[in-house]
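Please find the structures below.
Look for chain A in each of the two complexes below; its partner is chain B in the first and chain C in the second.
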Partner chain A sequence: MKLYVYCLVEGMDELPHSLKGIAGAAVRLLSWEKVSLVVSEFAGDAVAVTRENALAHAAVVQGLLERTTPLPFRFGALVTEEQLQNYVSAKREALQVKLEQVRGCVEMSVKIISDRDWTEEPATNIGHEKPGTAFLSEKRREILGGEARAQEAKRVAGWLEGQVREVVREIDFKPNTTSKLIVASGYLVERVRLDEFRQKVAAARQHRPELHFLVSGPWAPYSFANIDLEFKTHFGVS
Partner chain B sequence: MSFEQIIVSGNSDSLEESELSLLETLDHVLNRGLVIAGEITIAVADIDLIFIGLNVMLSSVETAQEVLRNRQAKTE
Partner chain C sequence: MRLSPETPRPAEPEIETAHAEEFVEQLRCVADSLPSRINIDAQSVEQGLAKLVLTLIEFIRRLLEKQAVRRMEGGDLSPEQIEELGLALMHLEAKLQELKTQFGLADEDLNLDLGPIGRLI
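Take a look at the complex of A and B:
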C-alpha cells in the first residue's frame, strides 16, 4: 500500500473529519521533523488522471485552505512511507522556508486572452511567388507573428504587474507565445489584502477592454511550491 | 469548490462557468505544486480531461499527454 500525498501544512494537529481523498480514502496527517504532510492510502502503482481524482486532490487542498495555507503537491505523488520520510529529511529546510514564504497568503490566478492576430498581412505579390519562396515567406510571417505575440505578452504582464505590485508578495509569470492565451500569472497575496488585489485587477480590466481576463482563486499556492526549480535557479543544478 | 471567476468583454458565451472552474482546477493540480522527483506515477485513463472546444487552457491536457508519451517511451 502506497501513500498519496496532497500537501504540507503547518500548525495543524488534526484534520477536518469531512475531508475525503482519492477514491474516497480517509485522509490523515503524517509528521516528521516539524513537517506535517496530508496523505491517504492508495492501492495501486499509478493514479489515473480522471476528473474525479483531480477534483478529489483539489478538494483536499482547498478544504485545508480555509484553515491554513497548505503547500500543495502536484497531482500524482505516490510514494512509500520510507520514500516520503527520505524526501522530508532531504528537503526539510527548503520546505520550511517555503512554508514561511507562503504563510498567511493565497494564490490568485489571472489569465489574459488576446484575440488579436499577430501575423503580418501577406505581401501583395503573394500569388506570384514560386512555391519555395511562398513557403519561406509564410514561415517568416509565422515567426515574426510569434515574436510580436511574445513581446505583447511581456508588455501586458509587465503592465498588470505594475497595477498590482504593491498588494502582492510574489508573482509567477508564465508568458505564452503560442496561443491566444498570452499571459498566465499567479499572484501570492496576503489574505488580508485580497480585497485590495481584487480592486486593482478590476480597475486594470477597465483599462484594457480589448483583452479577456479570467481571474480565479483563492487557491493554495500551487505556483509558488516548486522548491526544486528554485534550487536549480540558485545553484545551477537540480 | 468556490472560486471567483470573471470573464470580461466578448466571446464569453461559449465558456460555461463550471467548465472554466474545472479547467482552472486541472491547470493548477496537474501543472503546479511540489514534486517528489521520480515519484509522479499517473495514468491517463478515460481522457475525460480534454475540452478541445474551449481552446483556452489546454496545457493541462498537454501535460497529461506528455506524461503518457514518456511512459510509452519507457516501456518500448
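Take a look at the complex of A and C:
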C-alpha cells in the first residue's frame, strides 16, 4: 500500500473529518521533524489522470485553505511511508523555507486575453511569389507576429504588476505567445490584503477595457510551491 | 501557523469575468497542449520515443526557420537562395507532418516540460 501525498501543512493537529481523498480514501496527517504532510492510502502503482481524481486532489488542498496555507504537491505523488520520511529528513530545511514563503497567503490568478491580431497583413505580391519564397514570407509574418505578441504580453504583465505590486508578496508571470491568452499570472497575496488586491485589479480593469480579464481565487499557492521537481529528483516519481 | 480567530479566512474561490466563453475556449486550447503522462510499457514506449525525437526535430526546424527569416531580412540571400531555402524548409515541415501522423501525434504533443525553465517550444 502506498501513500498519495496532497500537500504540506503547518500548525495542524488534526484534519477536518469531511475531507475525502483520491478514490474516497480517508485523509490523514503524517508528521516528522516539524513537517506535516496530508496523505491518503492508495492501492496501486499509479494514479490515473482523470477528472474525478484531479478534483479530489484539489478538493483536499482547497479544503485546508480555510484553516492554513497548504503547500501543494503536484498531482500524482505516490510513495511509500519510508520514502516520504527519508524525503522529509533530507529536505526539511528547504520545505520549511517554502512554507515560510507562503505562510498566511493565498494565490490569486489573473488571466488576460487580447483580441488584437499582431500578425502583419500579407504582402500584396504574395500571389506572384514562387512557392519557397511564399513559404518563407508566411513564416516571417508568423514569427514577427509571435514576437510582437510576446512583447505585448510583457508590457501588459508589467503594467498589471505596477498596479498591484504594493499588495502582493510575489508574482509568477507566465507569458503566452501562442494564443489570445497573453497573460496568466499568479499572485501571492497575504490574506489580510485580499480585498485590497481585488480592488486594485478592478481599478486596473477600468483603465484597459480592450483587455479581457479573468480573476479567480483564492487558491492554494500552487504557482509558488515548486516542490514537485525536488520530489521527482529524490524518488524518480513521475 | 495556526490562524488566530481574528485572522481573515479566505472566502470560497470565485471566478470573475465578463468573457467566460472566450476564456473557456482559450483554456481548453492550453489544456490540450499540456503533455500527457507516458506509461513506459511495451506498447507506448515506441510512441514516447518518437514523441521525444520529433519534439527535438521540431525545435531545430523552428530554429532553422527563424534563422532563414533573419537571413532573408538581412538581405544577404539572393532570390534564388531564398526560394531554395524556402522549398527545403517547406519539405521538412511536410515530412515532419507525415511522421506525426504516422505516430498518431498532434502538433501540441511536440513539446517538453523543462520544469522551472518552462516549455521547450
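Convention: the second predicted complex is superposed on the first by the 226 of 238 C-alpha atoms of A that agree within 3 Å, B and C clash if a C-alpha of one lies under 4 Å from a C-alpha of the other, contacts with A are read in each partner's own complex, and residues count from 1 in each chain.
What we mean here is this: a residue touches a chain if its C-beta (ideal position, glycine included) is under 8 Å from a C-beta of that chain, and two chains touch if they have at least 3 such contacts.
Quick caveat: nothing in here was measured; it's all calculated off a predicted structure.
By the document's definition of touching, of the two partners only chain B reaches A:R51; chain C does not.
Using the contact criterion defined above for the overlaid structures, shared-chain residue A:G11 touches chain C, although it does not reach chain B. Contacts of A:I113 after superposition on the shared chain: both chain B and chain C are touched. In the overlay built on the shared chain, the residue A:H212 is in contact with chain B and with chain C. In the superposed pair of complexes, A:Q199 makes contact with neither chain B nor chain C.
With both structures placed on the common chain, the touch criterion links A:L78 to chain B but leaves chain C unconnected. Look at A:S89: by the touch rule set out above, it reaches neither chain B nor chain C. Of the two partner chains placed by superposition, chain B and chain C are both touched by A:K180. In the overlay built on the shared chain, the residue A:S31 is in contact with neither chain B nor chain C. Overlap of the chain B and chain C interfaces on chain A: residues 46, 49, 62, 76, 111, 113, 179-181, 184, 212-219, 226. Partner chain B is touched in their complex by these residues of chain A: 5, 7-8, 45-51, 54-55, 57-59, 62, 71-79, 83-84, 87, 109, 111, 113, 115, 179-181, 184, 186, 198, 205, 209-219, 222-223, 225-228. Per the touch definition, chain C reaches chain A in the complex via residues 1-3, 7-11, 13-19, 22-23, 26-27, 29-30, 36-37, 39, 65-66, 68-69, 72-73, 79, 82-90, 115-116, 118. Chain B meets chain A in the complex at residues 1, 3-12, 20-22, 24-37, 39-46, 48-49, 55-59, 64, 67. Within the complex formed with chain C, the residues of chain A that make contact are 10-12, 46, 49, 62, 65-69, 76, 103-104, 106, 111, 113, 130-136, 139-140, 143, 174, 176, 179-181, 184, 191-192, 194, 212-219, 226, 229, 238.
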